[in-house]
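Chain lettering (A, B, C, D, E and F) follows the sequence in which the chains are written, and residue indices restart at 1 in each chain.
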Amino acid sequence: MSKLTDEFNAYRQKMNEKILSADNLVIKRLYNLDSNTYEDGALPAKTKEMLGLVASMVLRCDDCVKYHLQKCHEQGISNDELFEIFAVANIVGGSIVIPHTRRALEFWEELKV
Amino acid sequence: MSKLTDEFNAYRQKMNEKILSADNLVIKRLYNLDSNTYEDGALPAKTKEMLGLVASMVLRCDDCVKYHLQKCHEQGISNDELFEIFAVANIVGGSIVIPHTRRALEFWEELKV
Amino acid sequence: MSKLTDEFNAYRQKMNEKILSADNLVIKRLYNLDSNTYEDGALPAKTKEMLGLVASMVLRCDDCVKYHLQKCHEQGISNDELFEIFAVANIVGGSIVIPHTRRALEFWEELKV
Amino acid sequence: MSKLTDEFNAYRQKMNEKILSADNLVIKRLYNLDSNTYEDGALPAKTKEMLGLVASMVLRCDDCVKYHLQKCHEQGISNDELFEIFAVANIVGGSIVIPHTRRALEFWEELKV
Amino acid sequence: MSKLTDEFNAYRQKMNEKILSADNLVIKRLYNLDSNTYEDGALPAKTKEMLGLVASMVLRCDDCVKYHLQKCHEQGISNDELFEIFAVANIVGGSIVIPHTRRALEFWEELKV
Amino acid sequence: MSKLTDEFNAYRQKMNEKILSADNLVIKRLYNLDSNTYEDGALPAKTKEMLGLVASMVLRCDDCVKYHLQKCHEQGISNDELFEIFAVANIVGGSIVIPHTRRALEFWEELKV
């Protein structure tokens, strides 16, 4: 896999481990809950990952976008589906979402190599 | 239909008409584009309305939430599906989303009367 | 003058007086500085009020919008100019700015009675 | 106790019960965790409530502000301490925090009756 | 021209082309509309670019700030005018706008070389 | 001291000097006021720096977080206290605060070398 994605995952994992090793109960439970949120339920995991992606985009959190892009890729989301999520994010969040859309597409292209 | 929903729709329609009658081309095209965004495409309208709802919740726009709740209701979204959208919004956006979740549920209950 | 504007100004003045009477130096200086910001300088007050209005709109602060609408009205901003400010706010901030645009127009119409 | 605070608490409790009765596990755990966050630990509950208050103010969530104002009141925070929290919130978050400061002070005054 | 500005423009153009080549109609129209928004109208393009800049600053979108700084530079905005826009952005948006003001000034200085 | 912190402080100081040398009165006073805000008062400086930190985290301003982390370090805040501030920020602001928590911890570790 390509460089952007590797770097992101390595840093994410290293720092998450440090955060969790501090043994703050609220943070540990919250991070745990965060993973549970996107599991299959009344809505399939694929839909939930799309929800996580669009929420991350309108809140303009590049790292959250990268995380959910990986999950969306694992869930087999197509290019056309991705761009329709981008469209909702850009319409709801406005032109300030455009720079995040650029970085999201760059990351997505690396995922597909 | 019940009072909250009627009031919301009446005010929304009255003011949208006034805004559009001002003949500002950018605004007219943007509002038009906004409607197009949620039509069936690679993703079904139902999924897009869920995306619109979660985006509105994390951005904490009560009126946008109400609008997409109506659309989600028309698309036949179930209570369990709704609460999973609420869950994503609350996890991604944090406890500041809770008051908006309260008002969203109140509006949803009126839609179902 | 009409009701929305009167109510807004009465509450604003009453509470600002209470806040300032608490004699917190940082707050007093900050509120003072806030007024100075919009005075004529390299840019005329009219332009600065437009800047204050668009900033308030994209940050979706209805009360700030109302305040700057009054100032824009005093500065003689026309309807067409107002809608071009609305257009920038809606494009930059996205569809979540629409409900604030509705309330802004309602307030503006009362100012012009 | 006075009207604003009663209304706020009654609505908050009624809707929270409805939300929790839906039995969405993520939401139930998150709301639970939210309460745990502000308990005495390395930092006393009083400090944590001040942190919750300033965070709610800069994020401009009036209902969250009201909730933490009640908790700060229970923790015996003084008027002078409150205004220094307001000062941090207004400096960090800017003049868009002013309208929320007005409403916060109004609610605080009712708590002290 | 200097490095920061070249890099920014090259990446922006490359990724915008990729985004637009995906042929998502909503996105194509929205990006188109975005350009139209800042053309001469009831307000001159110069004023509109200042509005776009201040909106981008309070929303803390560095790339949007860079884009509008270039446009403001093309429109002949002076240093004193720029700092008055910075002042409005810092007052409205608070001290969290300061780091973006630093990066904005750095970019502006490169534009003027 | 280590690299991240040095780089941050050098850039911050260089650009602040440039900003202040422009002699915009509003900006000069605002930046001045910003420093005053965190001085000992009814609340000790230590508490105020914690307030500044949590506010910066939920607003997701990495540079503001770094600044307040340095001040918190100077005030002798312990690891356990820091993680309880992180907990409040993550609960109030949601999972979008996680990436900022990672970078905050990395910076904090450098401060402690």
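Just so we're on the same page, a contact is a pair of C-beta atoms (placed from the backbone, for glycine too) under 8 Å apart; a residue touches a chain by one contact, two chains touch by 3 or more.
Small disclaimer: the values here were computed from a predicted structure and weren't measured.
Look at the contact of subunit B with subunit F and you find the same residues on each copy: over half of the numbers used there are shared.
Between the chain pairs A-B and A-E, more C-beta pairs are in contact across A-B. When chain centres are set by their Cα atoms, the one at the greatest distance from subunit E is D.
The mean-CA centres of subunit B and subunit D are about 26 angstrom from one another, to the nearest whole unit.
If each chain is reduced to the centroid of its CA atoms, subunit D and subunit F end up 23 Å from each other. For subunit C, residues that reach two or more other chains under the stated contact definition are 26, 30, 33-34, 37, 56, 58-59, 64, 80, 83-84, 87, 90-93, 95-96.
Contacts between chains leave no pair untouched here, as each chain touches all the others. Those residues of subunit D that touch subunit B in the complex are listed here as 11-12, 15-16, 18-19, 22, 24, 26-27, 30-31, 34, 56, 59, 61-64.
Considering their complex, residues 60, 79-80, 83-84, 86-87, 90-91, 95-96, 98-99, 101-103, 105-106, 109 of subunit A touch subunit E. Remark: subunit F residues 58, 90-97 touch subunit B in the complex. Across the complex, subunit C meets subunit E through its residues 33-34, 37-38, 41-43, 47-48, 50-52, 54-59, 64, 78, 80-81, 83-85, 87-89, 91-93.
Residue ranges of subunit D in contact with subunit A, taken from their complex: 25-26, 29-30, 33, 36-37.
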